[in-house]
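Going in written order, the chains are labelled A, B, C and D, and every chain counts its residues from 1.
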């Protein structure tokens, strides 16, 4: 499994959550305690919103803990909303274009999970992309493909609806191809203003999703808690989405 | 344009043609004299036949002249038939999976040229791949796609026929999409025994293709002559294929 | 030769001078027109001052034109003072630690030139480093070594004096070892407030150094002019330093 | 701790011990069961003897499990004597020049262990190198430095004597600087004919060293057993060297 963290709140230096703290993502990428995959050494990425509507993206195939550029960038860049992701490949190659987060215009997406039998449904899914989104396919992961399909389903209008539609379709492709493995999808999405989390699986084992909300309104949304104050972390139940806007937290059951 | 060299003959250390000589491929990648593109710094690759039927493949995104691994490999590996390729990207990303040569079973392929308006015909071409070959698509280049399509056209039975079929189809896709740019295809192919060269363009400007045959039967097939003894190099005319077997050289006009 | 650009003025997006313009550094790294070395593909680096006193540093061994991270970073980061450097190695390895700029605390340094017979004087020069600066030696270039020696000569008090002292010493080591090749040193330095340029050679062939000052006080200091409006660029004469502060430009002859 | 394997015997494809087997080094680099360091993702290297007296060397900063080049090379290259090493850095940077094995002429060396307080004794050790060996220092690791010092102590005449001398000196430097941490040194060395192992520590915790000798004389020397047939593996006791020649195994106590 991959690991990731998303932050929304007062502008902070990225390093606070990515490189310096004891429970920063880098520390986690070396010592994955709760995930199935033992090491998250198959590339990483960060994405952040600055003064432009499109996020900045930095992705690299080295293990995050070995990248001195990441250390310097995380020490310089401040942002009110950013993602960081360390990858443990579930089969596809380690290349920058296969690293999360993925972005399109102001949207940014990262994912933890897997389409069961991806090699059997990949083609059917790719053929669903219209020419415009097909031309924006740069890597080979299921994650990027899910993001492109959601963009095509008008993610911009309603992110929850778009992703639900995509998951229903993918589930159908898997059934059509007789894939017995599960579809598991825990993900994070943003348009630079709102922060969304999704937690879904076709079986009972959706990858975990937690958040912590500080008194000042700052929010940290993560694949796993980054400290041991477990009472401070709220688990998003399977089959739900969560949305953080300036003042509100909205938890919704996904409608399948 | 890319640059490449292929060798068939007495086993030699790869370094002789790749790293050490004054006119080796590495020298050329720094000082491209005749090609249009000024520098071939967008990755490189080598492929060679050893004791197995499948070739060994080594590809890297660094400029060839900066790779100390290449120097050591070229000094160690001897082969009776090998390829080396330095890439100047015509648009697609620099990643190992986009570097030449491409291989499948005992077949190895490298290419210099371009499908005009590739972004407009790529999808139609990819949809022609059957599931089996679609699953073997690892990168995003036109070159790999042409190779997969040729494999599907039974390259194994007749390489010239298969590649001709593919080029005719690609030309048709380009016409269908109203692409005015040319299709240019100078390439090199081997099954570990025979060495094939192709030189084709839909206009008059097929990338160059030369060979030199030594008295002992050794053959060097190249995108451009690697020394200034121009009288020793034979140009393969546009619209032709050439095939080197143990004792024979066969030049054929491509049938369109 | 390497190529570089330094900017000091109103905060601008780095992309303006690094990635987008026709005469940006990336364009230049592919098409070196005036330099001796044909291609600057041996790594690159950027450094910029943000809200901290230490600059951010991003260095990579890929050719600059192939790095999608650079494109995104240059589009996001705004700075009132930054450096960018594309490297053409004069012998030492291509590694991130050998890429410019080099930094120490608030100081940042980049260099174009060469210590003649570096392999003969390197050891004597390294032995001049005190333990503290020896421990900060991360790469193997002459450039980093010159910077560390200058730091040790109290660069912080007077940059011009410190660098002059270092050059005099290096020249002496070269004479001691009977090195006939020249010492050539065109460089750029900053503490986040002032921008310094140096142009020196032990023969008549110091690498070029130009600047352009806009009406609003913005300054661009470069190894070569980045546009063809040659009347707008002022050449810094050999054997001189130049210093840009908030309101002043100070040209000084180097005292040897 | 790093992990490594060395093989001497009938020529085999490297893949047998490096990439394919359940207990190959790649499997181990992902699932380090006995070592202290949890993951060996800080680069790797292989070295092998072919038809030349100098070994071939291939080193890369990616985790070994992500390198498709390694898979192809290990499937092509056959050798009667080779090394493979996966690195877990003890502090120095991840760069190719810091990856093992190191080579000089026909000699090849790899190491598992650490010079306690290396940052305090590094300079004194480097100053012991004569100009010739100083010029051959390419990286910054303690391992490369130990190898260069041993070469200078006439490793070629007696490897055991040379390495013992170096360890005694290093121990002295550590005492001089008041370093309390241990010197730990388990290593592997070859000249292309003989295979040496060393296991030493200044405390009781020398990194482990095992070998397995097959009936046909093939030998595998490893940092940890690569299968669970523990009865087949012989542990080299701390404070000993072992040497495998064509017909003989010589275990010697190190003389300090």
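Just so it is clear, a contact is a pair of C-beta atoms (placed from the backbone, for glycine too) under 8 Å apart; a residue touches a chain by one contact, two chains touch by 3 or more.
For reference, the UniProt names are A, B, C, D = Class II glutamine amidotransferase.
Quick caveat: nothing in here was measured; it's all calculated off a predicted structure.
Novice: A-C versus A-B: which interface comes out with more C-beta contact pairs?
Specialist: Most C-beta pairs in contact, of the two: A-C.
Novice: What whole-number Å value describes the gap between the mean CA coordinates of chain A and chain B?
Specialist: That gives a centre separation of 39 Å.
Novice: Two or more other chains in contact with one residue: find those residues in chain C.
Specialist: 68, 93, 96
Novice: Quick check of your reading of the touch definition: is the inter-chain graph here a line, ring, star, complete or other?
Specialist: Per interface graph, the chains form a complete graph.
Novice: For chain B, which residues are in contact with chain C within the complex?
Specialist: My answer: residues 30-31, 38-39, 41-42, 61-63, 65-66, 68, 89, 93-94.
Novice: Would you tell me which residues of chain D are touching chain B in their complex?
Specialist: Residues of chain D touching chain B: 48, 50-52, 54, 56-60, 68-69, 72-73, 75-78, 96.
Novice: What residues on chain A touch chain B, complex-wise?
Specialist: The touching residues are 93, 95-97, 119, 122-123, 127, 131, 134-135, 138, 140.
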